[in-house]
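Both complexes shown next keep subunit A, but they swap its partner, so subunit B is in the first and subunit C is in the second.
Take a look at the complex of A and B:
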């Protein structure tokens, strides 16, 4: 029972990151209908940014989060403005796909060139602190990260629901032509959305550094899980992405606990395929 | 009239001569180039271009962007290697069986996934590839993560094993030619037209009586079988395979020649492969010991520049360039397109009459 509860908590804490990544991917996919294949690499860039800030200014990884978010927003906006928006005009899904794939290659190999393949960590005084709640132990960095990302998820949800910009983003995601007709600058919204998406990935990376190793391909598994979260949680739904992320985290730890840790990836991918196919079958049935 | 027929015949003859010269150059390369490293680069070009052609049938021609072709290649390599090591089968026979197995797996297990469209198809292809890789990593029958080594032995054509690179060069070249001719045949066939219609608009294709499901399955199966053939070649050449060859980055690498060369053309992967693979190998040899990752970084930059400024790839640019007009008019002496069409029409009528 102890182990089961501990696994649940671990799954929940990890699932939070999948949620955050999924939300970023969801905003981008929802608005521009492109799959951002460099989302995991953006997380990795966020990790290295935190590492740099920590090394140069001696900042605590959690203090870096707002700075990383701002820098990543700028990076995302720049990429959208210079690369993706011009290619959106060609309407070629293949090109857009390989644009983000190429960006992913660029970022991960750029990190390899600059930082080398060594595994890095950010040592903190509280890294080994555990908080025990009855039968389960929660490492302090994981708990802080989880709380921060819950706050960010709620903030994002309110932003998209209530603010004018948020409403504009939702309008563009539902009908870009209609949005343009009522006077929304869709190009600006695209830049904003991609910026928000990459900023969320950067925040996730920054929050991970408290207890995760930093290396050039650290983001790959998170990037793919973000896609799973988008599909499972439903397009454009922030609460859906949140719960899908938690579900994914729990699924992984449960498989690791009851079957074998080495099978957790296999089960995740097979579950994903089944969900994709069943989802499409339901859509076809409805028609 | 006979004047026109003569010019058209002359044009076709010139094209044949140019293609023949290119083929002859490739056939003669091993007699002049003895450096194993250079030959290795050529072999790499051959099998990566073939893999890219396999992708191109699905991605470029049908518009179904797969990012899981390394998995089909790995599956072919594993199927053939298992037959060779466990069943002690002849490599050539195991190649045929391996390719059939890959086709069956792609057609039967992947069957429910064909209902997925656009980005969802890409996602399922990634998930399928990763699931396959994880399955092999977890299966002791397939040698888990440590992979399988193929037996060494004496040089022989029967066992498809050689110490030198030359025979692999010729087999690789034959493989490229065979697959290219198959792709060219498909492009000009009923299937090719159906696939391109599906790429442009699937619903419209269904409305005019093309069954999108049927043609997509045909495309995936042929594409996977070619990828499986490349897998067999890779396994026989390297003599060692492991699940690492199926990682997603390898799938991406297999797509780049097609995208850079021009995904709308059958020749795209060949042109892209001829440019990108020597570039990548050169960068790897020159810089990877100083700065690891620099070769893939340059690779990524080339890809981004091509997509941003030449979205149709190198061949797409060539198709509208002055260079092509120069080659067509001065070297090939191509008559105007109306003349060619007129002569074609006359031939058709001649046949019917």
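Take a look at the complex of A and C:
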């Protein structure tokens, strides 16, 4: 029983990261209808930014989060403005696919050149502090990360629902032409959303450094899981992505516990395909 | 006319080749080395070359071999078997090397060994550990010898360590578990443990794997915790090795013994990244600076190159001494005579006119034998690895007991 509870907690803590990644991806997809294939690499950039802030200024990794978020937002906005917005005009999916894939390769190889292939960690005094709650054990860094990302998810949700800019973002996502007609500057919204998406990935990266190793290809497996989250949670849906991320984290640990860790990836991907097929069938029937 | 020129050209080439052969008996003895000196594995090649150069300088300073100086002729296989093959042919046909050592990757070694056997040039590999290099398919590679232990011997020694450890810890190991990468390295570990576990009377209670660069290993750690083994054997790349040890403490599970098959666990970043949490983790090593017979040479080596001798440099160093001893026994550089001399070599404790064997075993002899029911040819049957354990943030040799004075830290504190 205690192993089961522990696995639940582990799944939940990990799932939070998948959620955050998926939500970032979904903000971008919802507005621009493009899949951001360098989302994982943005997470990696966030990790290295945190690492540098820690090395240069001796900042605690969690204290770095707001700074990383701001820098990543700027980076995302710049990329959107100079590279993606011009490509959007071409209406070519392949063009954007190659652009974001290429950006991802550029970022991970850039990190390789600058930082080398070494696996780095940021040691903290509380890295090995565990909090015991009856039968389960929660590592402190993971708990802090989880709490921070819950706060950020809620903030994002409220921002999109209530604020004027959030409403504009939703308007563009529902009908870009209509939004432009009523006077919303869609290009500005594009820059804003890509910035937010990148910042979310950067935050996830920053939060991971408390207990994960930093290396140039660290983003790949998270980027891939973000895609699963987006597809399972519904393209463009923020709450969908949130719950799908938690679901994915729990599914991974539960399969590992009840079947075998060897099959955890396999079953996750099979579930992913099953969900895709079933949803397709439902949509067809409705038509 | 063109035909005549072509004919003359071929004639000229033949003449240079023939004259080349007649001048092959020069005033130096040439050792050809084939390692990756460029590309992703260049750093490994550099360590190997340090060991080789160290031995050559030492031997030449004492007057060389049979009155001739040793000379290194470098080849570069850049990690590619085809390049390895052409480099071997170049070294043999153009540079007229007398013996060859190499390579770093077993697949390249395989091809080069073939070229050496065809050209009757003796070859010893210092570091190629893949079992198949000496199996029945390679029986005919008569000019090829292997100094280092085989992959499966690495694992057999890990199990032997677990068995012997009870002498110091007072607790018998019965249940073992495997934690490893799902990729080839993991499959190899699982295969080898299956091969020997019954011989040692161990019960394999869990085999837990993951895919490389895992995002999370807590499920794996819980599976190990549930199986509750007395010792965990692992093989992982550095990222996963770090995450594994971190996850162990995060999940409040401190296994009594962790023995790794080197790889990520012996990466310098492992201790740097984990700090005190690495204390107690043990791993296979081919050489460690605190080995009883290695201390002295490591001091000199460090003074010269500014880095510690590692397994690759120590094994390559030893191969140069083997060539020296065999060349002296043969009294000539004739390929067949030298091959026979290598086959007849028997180094007991120390090299004639040289140091003690600096590796964690005290005998070198190339023999044909059976390993786990499979015939193997021309391997150094006494080869074994040492086990080192992280103690106070440093790798300390703890096994074989006769090669160290450090005691095993038990149970592993991981803090």
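The rule is short, and it goes like this: the second predicted complex is superposed on the first by the 287 of 287 C-alpha atoms of A that agree within 3 Å, B and C clash if a C-alpha of one lies under 4 Å from a C-alpha of the other, contacts with A are read in each partner's own complex, and residues count from 1 in each chain.
One rule holds for everything that comes next: a contact is a pair of C-beta atoms (placed from the backbone, for glycine too) under 8 Å apart; a residue touches a chain by one contact, two chains touch by 3 or more.
Predicted model only: the values in this text are computed from it and were never measured.
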item: Which of subunit B and subunit C A:262 touches, first, second, both or neither; value: both
item: First, second, both or neither for A:28, with subunit B first and subunit C second; value: neither
item: Subunit C versus subunit B, contacts on subunit A by residue; value: B
item: First, second, both or neither for A:102, with subunit B first and subunit C second; value: first
item: Partner chain(s) touched by A:231 [first = subunit B, second = subunit C, both, neither]; value: first
item: Subunit B and subunit C footprints on subunit A, overlapping residues; value: 220, 260, 262, 265
item: Residue ranges of subunit A in contact with subunit B within the complex; value: 29, 33-35, 83, 86-87, 90, 92-95, 97-99, 101-103, 105-106, 108-113, 116-117, 216, 220, 224, 227, 231, 260, 262-263, 265-266, 269-270, 272-273, 276-277, 280-281, 284
item: Touching residues (chain side subunit C, partner subunit A) in the complex; value: 182, 208-211, 213-216, 218-220, 222-223, 225-226, 238-239, 242-243, 246, 249-252, 267, 269, 273-275, 277, 415
item: Residues of subunit B defined as touching subunit A within the complex; value: 59-60, 63, 65, 67, 112-113, 115-116, 118-120, 122-124, 126-128, 130-131, 134-135, 137-138, 248-249, 252, 255-256, 259, 263, 291-294, 296-297, 299-301, 303-304, 307-308, 311
item: Residues of subunit A touching subunit C in the complex; value: 3, 6-7, 10, 14, 17, 118-121, 123, 127-128, 130, 132, 137, 139, 142, 211-213, 215, 217-218, 220-222, 225, 252-253, 256-257, 260-262, 264-265
